[in-house]
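So, here's a batch of structures to check.
Two complexes come next, and they have one chain in common, chain A, joined by chain B in the first and chain C in the second.
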Partner chain A sequence: ESHTQYERVGADVTMKCGSMDWDAAVTWTANGTDIDESHLNGSYLILKNVDLTQSGQYSCYEGSSWHLKYQTSLRVGTPPKEPVLMCRSNNYPKGFYCSWHLPTPTYIPNSFNISVIHGTSEMVCEKDVFLKNRCHIRYLQLFSTVKYKVTLTVTNALGKNSTTLTFDEFAIVKPDPPESVVAKPVPNNPRRLEVSWQNPSSWPDPESFPLKFFLRYRPLILDQWQHVELSDGTSHTITDAYAGKEYIIQVAAKDNDIGTWSDWSVAVHATPWTEEPKHLTTEAQVTETTSASTSSFMPPPTTKIYDKGAVVGSGAVAVCWTAGLVLAAYGVLFI
Partner chain B sequence: MAAADSPSSALRRRDLCSRGIRLAGKMRSDVVDLLDTYVERQGLDASLSVAAVEGVPTAAVERWDEQTGTQRLLENLAAYRAFRVLLAQMLEEQREQLGEADAPLGRALASVLLQVSAFAYHLEELLRLESRGPPSEERAAPPPAPHLGLFERKLRGLGVLRELAQWAVRSVRDLRQLAKPGTGSSSAPGPAESP
Partner chain C sequence: GDSWGIFTFLCAALCNLPALPALNCTEELGAGQSIQKTYDLTRYLEHQLRTLAGTYLNYLGPPFNEPDFNPPRLARAERVPSATVDLDLWRGLTDNARLAANYRAYSRLLCYLRALDGQAGTAELRHRLGHFCSSLQGLVLSIAGVMSSLGYPLPAGPSAPPGTPGTPGAPNDFLKKMDDFWLLKELQTWLWRSAKDFNRLKKKVPPAVVTLRLEARGF
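Showing the complex of A and B:
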């Protein structure tokens, strides 16, 4: 009959050889290797100040007959520290998920119990199919001012610990980053880059719960980002790119009315259209890049807010107006 | 249904919805600012939990996505009519309590009250378009404000404004649902309407 024994790191462990008397002659093994008699007190095995390396299979054999009298699996570990809990709604208004982890490992099996309370009702948190430290809650009510209280308790053989999060419905809304970000040069336009993206696929209803976007871009050679906030549409044309410079571009999303910004999307790179074919100007471009990085000017940081009517920045006017008209025409078609 | 589905009424409905969305958006923004001012002027702690306030329409709703267009409009209208009364009471109390001493708060309250009235009227227009007029408003005197101590009145005011802020967000969502093409007044929209 096999046993399992859990002990804390640093504890002193005494193992008895089953029902054998204290003065019986026995041999103990650890993972098949004989243990020196100095660790024995009679037939008891004494392990002082155990550490993780001492986890393993311990067996006790009767002296002369070598019959196996007792066997136990020693698991050395720690009681759980306060878990780290996070809840987020990336699929509003369907629901939200909570995700957790332990700040330090315990080295022994842990079980988690989560409770979600909204006002007086307890809500069900369904386990994630793939991730064992995540569960999903479906919103039963929307637009509630009553806060949600989520308590996570982690338990193992050596102890337990818990943490609680309290939040309201709107505060945890954070979409996933936009997907399929594509940036392309615009033929015959050395200062333009056309960027387009898609709503994150996890956002269930972008028509009723539209997202707004934040675009940032900079040439690889500079540290300063340019920012553009877009209240609608999933594309934008950059019109102030430095000719011939490779750009890095990212987009973030946010529900139009509530919650916080998503993380930045995967970065895409693009270089505006240039006049000569690339293979003839490689040398010239290298020289150009070198001289540009040693220049001392820094472009002023600008944040342009693109709204259907408002337009800021010369040169961008024509593009915005055209984009606005196209969007308006598109809107009319949607009646 | 026939009148509501004609091209001109569909256009008018879409136009009213867009304007309503902008109204609600501005209203929400002003209510959020008003909440900050109110908390500060009334000496309250913003993190205070306020229990459900009697007589204040709660924005919380179950099965929101299954509501019909008419249901949405009726619930919104009932709520904003109630808020009109509640805000008027708050304005009155605030004038009594602080007199002219707190003009900024009074002005902010009055401005929101005006927007609430305008929005209620807007909802009535939308209901008229759904070939079902808005329910008549009881013109009887509103129930008297409950006799509360000063602190309880402040808490009640906080509850009213918080709930109004939620309603403003809900109204934007409701109007967007309403503005979706193919949404009849009596049909509940499915999550994805296949042609």
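Showing the complex of A and C:
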């Protein structure tokens, strides 16, 4: 019958030819190729300081009859290093998923076991249908003060290792990037670009859990990005684009109140509208055009905040009034 | 930034004034706008709390100030109102129930925080706690304002404030610190929850304009 044997890289391996005596005459083969007698100690095969290339099928034959006495598959590998575990909620408030991998391969089969503990109860992490190193948890309760503790253990024939993550419900919220980002020129406006996008489809409830967005853009030929933060809406018009230059634009999303920013969306390219080029007859007109475009390169401003909800200036006055009224209303109730 | 400083100062100042001149005013008070302001206040408080909690937990010392500290909930800590709620239940709350839950929670949390203030060790800590309590009081009043503008009755006040005879105090120093730890945790979670509660209210309450004629005598 056939066996499998797992050994560590760098180990010394002794293979016995089944039940044969030490002094029996045998021949060993590795993947069908005879092994030189210098590796033999009696009928034992000695492999010193094994490396990955020595994995394979080892067979032992009785000397004269060529009877197959023993066969084993040698798999050289390493015990698992500490796995890398990541948990994230891209579908808040439905739940979260955890995903993991090994930092270096072990070259032998590994099995993973994940446990999710919330307070005193153990939760079930459902395996992902497509990805084998991912599982999903559904929240049973929202706004929990108790942390989640996720422990991943990886085991193989040569050892085991584990890692634990402890986190609050809010800390792991990170949406997927916005989808369907579209940037279009605006007719008759050489400095404008209209950008629109959609909420990531994985975000289940943008009504109750609205997202805010961060837009960045730059002309292809410059390295410095301009940023705009938008607390509302899924579109924005860039009004300070350099005429005639191709732009690269990306958008990121974040829950309005909790968690972290998503990765940047797929980049889109767009060039602002330009007038149909007139027929250039004189040299003076040509030079005029070139010098105009080079002089328009000044350091762009940095961050602007567009908050369609609040109007800061008149807000101070409105606040004073509201404060007085709120307290008056409260006082009226108690008189 | 600055407008919130003014807002909280006004709340604190107005709470302490013995009498106000009579107000005859007609003002258009949009419930939607009050909800927005209440929402903004919860965000402001959440930011303030981060600094306050950091300072307070350092004052309590290890293990309370360790980031991984994850103790089991002891039965005694149930006194502090919890924001934790079943997802479907939370979704299905009526506007009145949602507002009332927030109002009740912050009223009680304010009482507990004030008790903390009385015992806190350093002057800096007492100053921070005092400032935070004023802001939190502003939030309670703001929620009350929203409820009354929508025509909902205010829930009854907290039954037994801590420190009164009859309420069990912590039997030892460590358990007292645990109580403080959970109080801050619950407060933080409530502020996160309130942002979501008020988001939901913003969408559901139409920005209808309510005209209020107020004639207030002195307080």
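Everything below uses one rule, namely that the second predicted complex is superposed on the first by the 284 of 335 C-alpha atoms of A that agree within 3 Å, B and C clash if a C-alpha of one lies under 4 Å from a C-alpha of the other, contacts with A are read in each partner's own complex, and residues count from 1 in each chain.
Convention: contacts are C-beta pairs under 8 Å (C-beta built on N, C-alpha and C of every residue); 3 or more make two chains touch, one makes a residue touch a chain.
These numbers were taken from a predicted model, which means no experiment stands behind them.
**Q** Per the overlay, which chain contacts more chain A residues, chain B or chain C?
**A** Counting contacted residues of chain A, the larger count belongs to C.
**Q** Let me test your reading of the model: by the given contact rule, A:149 touches which partner, first (chain B), second (chain C), both or neither?
**A** second
**Q** Check whether A:130 is in contact with chain B, with chain C, with both or with neither, and answer first, second, both or neither.
**A** neither
**Q** Between chain B (first) and chain C (second), which, if any, makes contact with A:120: first, second, both or neither?
**A** A:120 sits against chain C, while chain B stays out of touch.
**Q** Contact-wise, after the overlay, does A:66 reach chain B, chain C, both or neither (first, second, both, neither)?
**A** A:66: touches no partner chain.
**Q** Contact-wise, after the overlay, does A:170 reach chain B, chain C, both or neither (first, second, both, neither)?
**A** It touches chain B and chain C both.
**Q** Quick check on the output: what are the common chain A residues between the chain B footprint and the chain C footprint?
**A** 93, 140-147, 170, 207-210, 257-258, 335.
**Q** Within their complex, state which residues of chain A touch chain C.
**A** 93, 119-120, 139-147, 149, 166, 170, 207-210, 256-258, 309-310, 312, 315-316, 318-333, 335
**Q** Contact residues on chain A for chain B in the complex?
**A** 93, 140-147, 170, 204-205, 207-210, 257-258, 334-335
**Q** Please output the residues of chain C touching chain A within their complex, sorted ascending.
**A** So the residues of chain C in touch with chain A come to 2-3, 6-7, 10-11, 14-15, 23, 25, 27, 29, 33-34, 36-37, 40, 43, 46, 68, 70, 72-73, 82-87, 90-91, 141-142, 144-145, 148-149, 154, 182, 185-186, 188-190, 192-193, 195-196, 199-200, 203, 212, 214, 216-217, 219.
**Q** Using the touch definition up top, name the residues of chain B that touch chain A in the complex.
**A** So the residues of chain B in touch with chain A come to 10-11, 14, 25, 28, 49, 58-62, 64-65, 162-163, 166-167, 169-170, 172-173, 176-177, 180-181, 191.
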